[in-house]
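In what follows, chain A forms one complex with chain B and a second complex with chain C.
Entry: the complex of A and B
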């Protein structure tokens, strides 16, 4: 079992995150900042759930497709069946999870680069279906337009940017609380064990496939929620929203932040989004700088930005040790 | 349906597939030696296209010189990329993937800054068509197919019959054992990366007159190459050729019956089927 203090600090961190999220709209009412903040919070739900899947050792390139399944399900139920967003949101998540069960069961039979590639193939199949098949239903290459915004709830109208931001923040905090709870539970321990030695964990009685499938399905449900929110806040859906490019963006946010810690994706998503907004003026240079940052970060900080503090502490300890013990060879 | 129509469809499919096999061979060679998936491989193809555009289309050098120039320049770029970046990531699949994405962006953005985003057309070095009992094929496509086949044979001869080629295969099988037996695996992996990228550059230069060149031209062939090497088996060179032939046949014949989107879908479904039934690919090791 994890020591007691280990369970207090994540709660503290989650509280700080919630506090920051609540304070933000009080500091600025600017609609551009609110838009960026809403996108960040939506991406946080996606990257934190993606990181939970990676924590069992494998990168799922089809994460974005489950966001797409949630988005299309919720949008279609609202548009064609006239159901309320407050219902379709959860149906979207359930349908994404329902698709995740067989797809996960098939894909998780593979490991390493093969898993990566089969999930990539699944994501392309999903994107091609969104774009080219069932055109009457899914809208084909022109996508879905005029998706209704969330209806009023408890006499609050969800039409303004502030209300949408608060809605996404609430959904994210719910998801983050579940992920934190899982990380510091038997599930988190098992996931770590599987990541470090899959065969060994299996021989010690960990049901590897069950944990991996649980992570896959739960993560997909969270992606479905983010997708449903995306559909009703953007009010337009297009197959390219769920293609390789946005998926790659999620992977970069997650890995640059660091997959070793549950807070890695938070750091990566916030910093990278802010950086890319700041560099927007640079046009082609933005991609150039972004690419270089990516390469250098992976070369010099292979465990991501989240490892910077512990690296600094270790470097400091090393210099202290060297000073304290002159003449003694420091092994590390 | 007449037989000649079927043969025509197969030839159309195979013609382009051979050029994509070159991209796939490079990708699979790099995977076998460094155990990394290089998503930026299509960008080396793109550089090959631009070298051909400059040398043949702008400076008016002979096409063969442009092709050789493309191979050499892109191979050199590959060696540089391996020495500066990828050698540090041997076997680290996830990190190498992110780094290759970064490289993809850097190369695309650099190409956009130098050449602009507009497509550039490259004049065709060959003209005319060949007719053969009801089947028609353009000389240009025939030349691409033959040149690609020649390069595949050259690669095979190099890997099978030269000392360096043997060292490369040994490193691919087991890098530690190869190093113990005196193979300079650092040099081999740099050379392997260079050869792999050079093949992509050759493919880009070969296809430049058929399609126009643009900074984003690498996206399509790299996806095709991935399909090819998964079907054939990652790291298997004969597998890449077989995978290319199968994909070419599927795409050539598939377009007779289905829309292009459905053919693309079939390609990915084939990938999923192969990964499930034989994860190491049709000709991959066990």
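Entry: the complex of A and C
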């Protein structure tokens, strides 16, 4: 008995998503398509966890930095300590979460634009540290290179693109299952209440800070997992991977898809990543197109692309009602 | 006394909204808090419910000091409030609104939600049935699954009181629950408040409808310029010259002030 109503069963939607993910490599063995698909699935983990944070009324501009913390942690543990990726992956997530606890506990006492700004400031600090501090350890402006790929697991070698895709798909589905479960529990109910009215929620006894911090830490752990995967699949890291531009891209993916639904970021991320690949020729002007699409979405589809079907249904019902009314007129 | 304010003051910069206010509310009563516009009634509500901390003075509930606690903690101690401008979660259905309000009683961890333990599922079912039980007394059965933003004012108003009750509070602070209601709706809400009192709930009521206040309240505290100018039964308060003057003076003042 879910306390919230879903247009389609969330489990069914998750199953369809998994099915699509599994079918894709069967349809195409092309390595370029697999690359794009892997990026999409990694971005999905980032945007879905970002939306979970947004659903509690916090726009965290440092999400990408926690991805960076996961990436650098996992890469360094593998390179300097020789640990297996299958261990460093989870350590990366834990370290990202561990950083998120004190940072969230401080930042989340602020709301609205102040929260936005303090997370933005933190993300710049993190990027500067990746770029300019502990150069011997973090590689400074030249970044980290020759990060080892994931070692074999159960006699499967994770060197090919297909294996990497399957790995990221598995990690994403694990994260998505957690997010879906939370969304349709009383956690999701309270999160949405906080987004709609923080003061009202508080006066009804909802521990606003606790929910926000939970969302912040859990989302950061998921970003850390995406980061660790990114490090070992790209095998090079640079501070600019975790700067403002990719962060803004995540926000655009999420908002264009729609933050009101858990599936919004899925639609936004898939469509915009494909669009971005099609616009490769545009290079830097791509950002301009993204900005334009964002503005248009905000103006005409404030609930994002995910709201298009329900809008169509409503528009159809209205037309039918009008036609019905005319029919009555004719009859009388 | 269930609720006690001892020398409570609240300043906003140079403005003193509430000045050295002491008052008590006995358990099981409907206590009115009246006064002209700007007398500080809403500020008193904000102070009691923890939305604002008092600048000085103490507030005690069931013998424990609650001033300085946050709104969520004060709600869990047993005081729930409504707001003057009707506030509900407009994207949620009536039932979802009531379930959010019923949450604090079953504050389980996120982990419990994830693994979906039997205890958690029981909690979920409990929350649902508790919310359902509140529909009938507030005449919301027929709109239980409607999104609240689309409902008429009366239903939203009733829902906001229902949500305060759903928190399991022993004391409700109601800020103008009758404002904007038609005659029949007013009678409905007044009947509801009497039912709440019969069930042993304590109500602190801010209301401009004087007939309703005099009819409903066991005791009334009158505020003007943030200080208490009178307290007593409805008959005592009505006969008090200071009260009459405050109201007439306020009427003249508000005309002059435009």
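Here, the second predicted complex is superposed on the first by the 307 of 332 C-alpha atoms of A that agree within 3 Å, B and C clash if a C-alpha of one lies under 4 Å from a C-alpha of the other, contacts with A are read in each partner's own complex, and residues count from 1 in each chain.
Just so we're on the same page, a residue touches a chain if its C-beta (ideal position, glycine included) is under 8 Å from a C-beta of that chain, and two chains touch if they have at least 3 such contacts.
What you are looking at is a predicted structure, and each value in this text was computed from that prediction instead of being measured.
By the touch criterion stated above, A:73 is placed in contact with neither chain B nor chain C. In the superposition on chain A, contact of A:233 is made with neither chain B nor chain C.
Legend: residue contacts after superposition of the two complexes on their common chain; A:218 is shown touching chain C, with no touch to chain B.
Of the two partners chain B and chain C, more residues of chain A are touched by B.
Of the two partner chains placed by the overlay, only chain C lies in contact with A:187; chain B stays clear of it.
By the touch criterion stated above, chain A contacts chain C in their complex at residues 1, 3-5, 178, 181-182, 185-187, 189-190, 192-193, 196-197, 199-208, 214, 218, 260.
Residue ranges of chain A in contact with chain B, taken from their complex: 54, 59, 106, 109-110, 112-114, 116-118, 120-122, 124-125, 128-129, 131-133, 248, 251-252, 255-256, 259, 284-288, 290-295, 298-299, 302.
For chain C in complex with chain A, the residues that touch the partner chain are 49-51, 70-72, 75-76, 80-81, 83, 87-93, 96, 99-101, 103-104, 106-108, 110, 113-114, 116, 120, 123-125, 127-128, 145, 163-164, 167.
Note for the complex: chain B touches chain A at residues 31, 37, 85, 88-89, 92-95, 97-99, 101-106, 108-110, 112-113, 223, 226, 230, 234, 259, 261-262, 264-265, 268-269, 271-272, 275-276, 279.
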